[in-house]
Amino acid sequence: MAKASESKLVAGATGDWEIVVGMEVHAQVSSKSKLFSGASTAFGAEPNSQVSFIDAAMPGMLPVINEFCVAQAVRTGLGLNAAINRRSTFDRKNYFYPDLPQGYQISQFKHPIVGEGEVLVDVTPSEQIRVGIERLHLEQDAGKSTHDQSPTESFVDLNRSGVALMEIVSRPDIRSADEAKAYVTKLRTILRYLGTCDGDMEKGSLRADVNVSVRRPGGPLGTRCEIKNVNSIRFIGQAVDTEARRQIAILEDGGAIDQETRLFDPVRGETRSMRSKEEAHDYRYFPDPDLLPLEFDQAYVDELAAGLPELPDAKKARFVSDYGLSPYDASVLVAERDLAAYYERAVASGGVKRDAKIVANWITGDVAAYANAIGRSVQDTHITPEQVAALVDLIADGTISGKIAKDVLALMTGEESGASPRDIVERRGLRQVTDTGAIAAAIDAIMAANPDKVAQVQAKPTMLGWFVGQALKATGGKANPQVVNDVLRSKLGL
Amino acid sequence: MSDPTSLTLAEARDAVRSKSLSSRELTEAHVAAVAAARPLNAFITETPERALAMADAADARIARGEAGPLEGLPLGIKDLYCTEGVRTTAGSRILDSFVPGYESTVSSQLWRDGAVMLGKLNLDEFAMGSSNETSYHGPAVSPWRRPGSETALVPGGSSGGSAAAVAARLCLGATATDTGGSIRQPAAFTGTVGIKPTYGRCSRWGVVAFASSLDQAGPITRTVRDAAILLRSMAGHDPKDSTSVDLAVPDYEAEVGASVAGKTIGIPRQYRIDGMPAEIDALWAEGVAWLKAAGARIVDIELPHTRYALPAYYIVAPAEASSNLARYDGVRYGLRVPGRDIAEMYGNTRAAGFGPEVRRRIMIGTYVLSAGYYDAYYLKAQKIRTLVRQDFERAFADGVDAILTPATPSAAFAIGEKGGDDPIAMYLNDAFTVTVNLAGLPGIAVPAGLSADKLPLGLQLIGRPFDEGTLFSLAEVIERSAPKTELPSDWWSATAPTR
Amino acid sequence: MSIDQATVRRVAQLARISLAEGEVEHLRGELNAILSFVAELDGVDVEGVEPMTSVLPMQLRRRPDAVTDGGIAPKIVANAAASEDHLFAVPKVIE
């Protein structure tokens, strides 16, 4: 990207520094079976129960590729506006580690399935950046070692071994912890829209290797360190800041940065060198002779492209133009595909035309607040889009006030769970009173009981609010505030 | 009935099918022969109980009229093929106690067709060798000897146990594998027939890998017809092997005895190498004459990159092997030699588990793939492969149906004679066979006569991709035309302990 | 190209094969013999030649995404030198 914006610079003791970040995100393909074997990918199974002889690299075992994984890599590439390579090859990356049964990882080194692309990232409601994608390739995940069960042994579970990953490599276009977080958030949104990865960072479906370096603004790139396997968006931000501060301190002390692999420790809030993975990096990549080049024709790509869902950028633009939403509201609503669908169901519910902005306000406001309070997404609460639409309609046709609507929503989330807003209003008699006679009678009673206040208000019209409050109270909050106002003014001669 | 072990596979098949001989009788005779032949060290593991149970099951199927193409026929399996529940060592210490939970596709097809397993045959460690001397279980010994000599000769390698067992009539046929000549060279050394089919013709699934882009399974038998029968059962598409070809398997036996009149046979000048013994040259000329007499047309052809094949092979094969053998790390199966930490455990396990030749090849393979050397070695060797293949493609495009060459540069040598500190001397054994692996073509070795030392010599025929049928027709002409030679007489049983 | 003892040690380390000190020089000689044998290729002009990437002119077949394997943990660990509760046990790895 172009110039470093001033606000992104980090002030050091000797002047300003610019942070430069590139990321390698490993996204697990949402497939039922592994990339090269028929074993299940389901999370949390008993040790080695989802392992075939292939995944355990038994002698004579051979890989056969999963077509679904190929299709998802292509779809993801299309979603990242990237070039699709109709011929790619699989290479072996050779190294020894107990959770790497073959002694090599099947990956794509020279010729990846997806080439260059680009992601638009909203950093703040008013700031957007472009992050270049260098490549996306398919590769196998390793197994899992646990080191804390015994003082003398580590234990290896190969359930993850061979699970399909898409490694998405960005260009070093990221300039701050916030940009890094926003980039991964956006990438996750795109993957979830496509359904190619569930984006569940807690289960390890999405992990980021964060490459951090610092430099003087506009200067040459500094030496980078790779922080491996950061597994939450919050930690990504912390890792960038922590590592940048560490590097700046070294450089300002006259030291030099060693290019190395580091680990982020969220408990201690520091990164530290991973010596065990450091020694003698010579992966001896060569084409895997057990596999042929992966080839497909343009028709295959076109068919997958035709089947892509509307992606977040396009959806956001449509929400702004078709529904008149602010770009901010639109981006909140499109952050999750299901939320956007929820919103659109509410807008269109019953084939009735309603104010799409008010629907958006309710969903991003009160409904979201409720969802947040119970730790769910809006679309996962029992409040249906149809109920939201009904609520908005009740306000629009004057049946209830906006204030009563909040009470109705509270009932829907509590004791009246499952009921339609209209039923709640009827059953509880919450219908707004617009009958002037009834309101006038109530006001007459209030005026009769409070002659002193009547005298005061005639001298000081701002006292009117007290009468409005009393009138609403007398009608149980159901009186239409506009009618109350009108009747009061005429009776008081204001 | 005379000794059932003297039958060819085809004869035994016909006898069993016509119920003039039961599989039980046939198998018992072979089980006894195997037990008596332990001085040949052809078997690493004998499975007599399994053999007899399989024979009884075969006899039951025959009685029900359900006989398969190989019903009741006892075979030996190279110990590179994984066999479910039966120890599979690859001739290595590192797998000495390994018992697979699965059966290789090729062997499972043999059992599907009714064959009986006698046991697992000796081989060079991980199929790396040309004399069977690198086996952790010691060398297999050829049943052949020079007249009046008791010097133990090599049966060739890496499928030395297969060749020795077939030549000594311990089994009717055997599975083998060929990465640079490991079927054809031992066949030539033991007066047997061995075919390496086109790459992709037989599944590699369940066969311990040496060099994935070169490895191919095939049979060793005593006659061309027997090889045709066995290959038909071994071959076929396997969805579990991405390099297996989805092509129907022809009835190869029908090609045995088919006319070769009008076939064009290429004779490559480049195979007449410096220092080639005169008797090999003479044998080659005889082969030409036999094919000509059968109506084939003989043409001289050029395969200009032949001399580069062996060096290219000794880059590609070790490179792939270094990666294929990384899985032997002491973690999931096989030998583990403890160390102070995991790195030391790996190093100790692999130092103790692999023999010198395997360690040497892993080292060379690791080196040629390492940073800074990949282009100069591995990439260059893969380009040479393209050139070697193009040589053959040109010849075939010019109308050549098959190519005739010697199978080996010499007859069998003595155990301990070659190799040692000079690995290259041993590597030269593959000079005539290795081009075929680099190009992925089919090649057959067929006995053609005897050396001055009265040891078998073979000729090799190289065919177009997936044209094994033509090779069987041509090989049968050589088999029929060559002077009849007796199989080696049994000197080994006399030295065997009686049971 | 000829390799020295340090290279022999580095390659052995990459290949995870422990070497006794006495083996290094011997192995260096053998490896150099093989390297000088393959140096025959130095003279070949491969300008413009494509490296062989697949022996066969065929397409990579893709299998359907279905769970067809697994559920054999006892068989997976059956040959292991050390295992516990169907997990492979190895000397402790320090990260």
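Residue numbering begins at 1 within each chain, and the chains themselves are lettered A, B and C in the order written.
In the analysis below, contacts are C-beta pairs under 8 Å (C-beta built on N, C-alpha and C of every residue); 3 or more make two chains touch, one makes a residue touch a chain.
Because the structure is predicted, anything quoted here is derived from the model rather than measured.
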Based on CA centres, what chain would you say lies at the far end from subunit C?
A
Most central chain, Cα average position:
C
Centroid distance [mean C-alpha coordinates] between subunit B and subunit A, Å
58
Distance between the centres, which are taken as Cα means, of subunit C and subunit A, whole angstrom
41
As a quick test, compute the distance in whole Å between the mean CA positions of subunit B and subunit C.
24
For subunit A, write out the residues touching at least two other chains, lowest number first.
53, 56, 64-65, 96, 98, 154, 156, 282, 284, 291-292
Identify all positions of subunit C at which a residue touches two or more other chains, and write them in rising order.
14, 16, 53-54, 56, 58, 60-61, 63, 72, 75-77, 82, 88, 90-94
Touching two or more other chains in subunit B are residues 98, 101, 213, 239, 242-243, 322, 326, 329, 331-333, 342-343, 346, 366, 370
In the complex, the residues of subunit A that touch subunit B are 53, 56-65, 92, 94, 96, 98, 101-104, 154, 156, 282, 284-286, 289-292
In the complex, subunit B residues that touch subunit C
97-99, 101, 199-200, 213, 239, 242-243, 245-246, 305, 307-308, 311-312, 314-315, 322, 326, 329-336, 338-348, 350-351, 354, 359-360, 362-364, 366-367, 370, 373, 376-377, 379-387, 389, 421-424, 427, 440, 465
If you look only at subunit C, which of its residues touch subunit A in the complex?
10, 13-14, 16, 53-54, 56, 58-73, 75-77, 82, 84-95
Applying the document's contact rule, which stretches of subunit A touch subunit C when the two form their complex?
31-33, 37-40, 46-54, 56, 64-70, 89, 96, 98, 145, 147, 150-158, 263, 274, 276-277, 280, 282, 284, 287, 291-295
Counting only contacts in the complex, subunit C reaches subunit B at residues 1, 3, 7-8, 11-12, 14-19, 27, 29-31, 33-35, 37-41, 44, 46, 49-56, 58, 60-61, 63, 72, 75-82, 88, 90-94
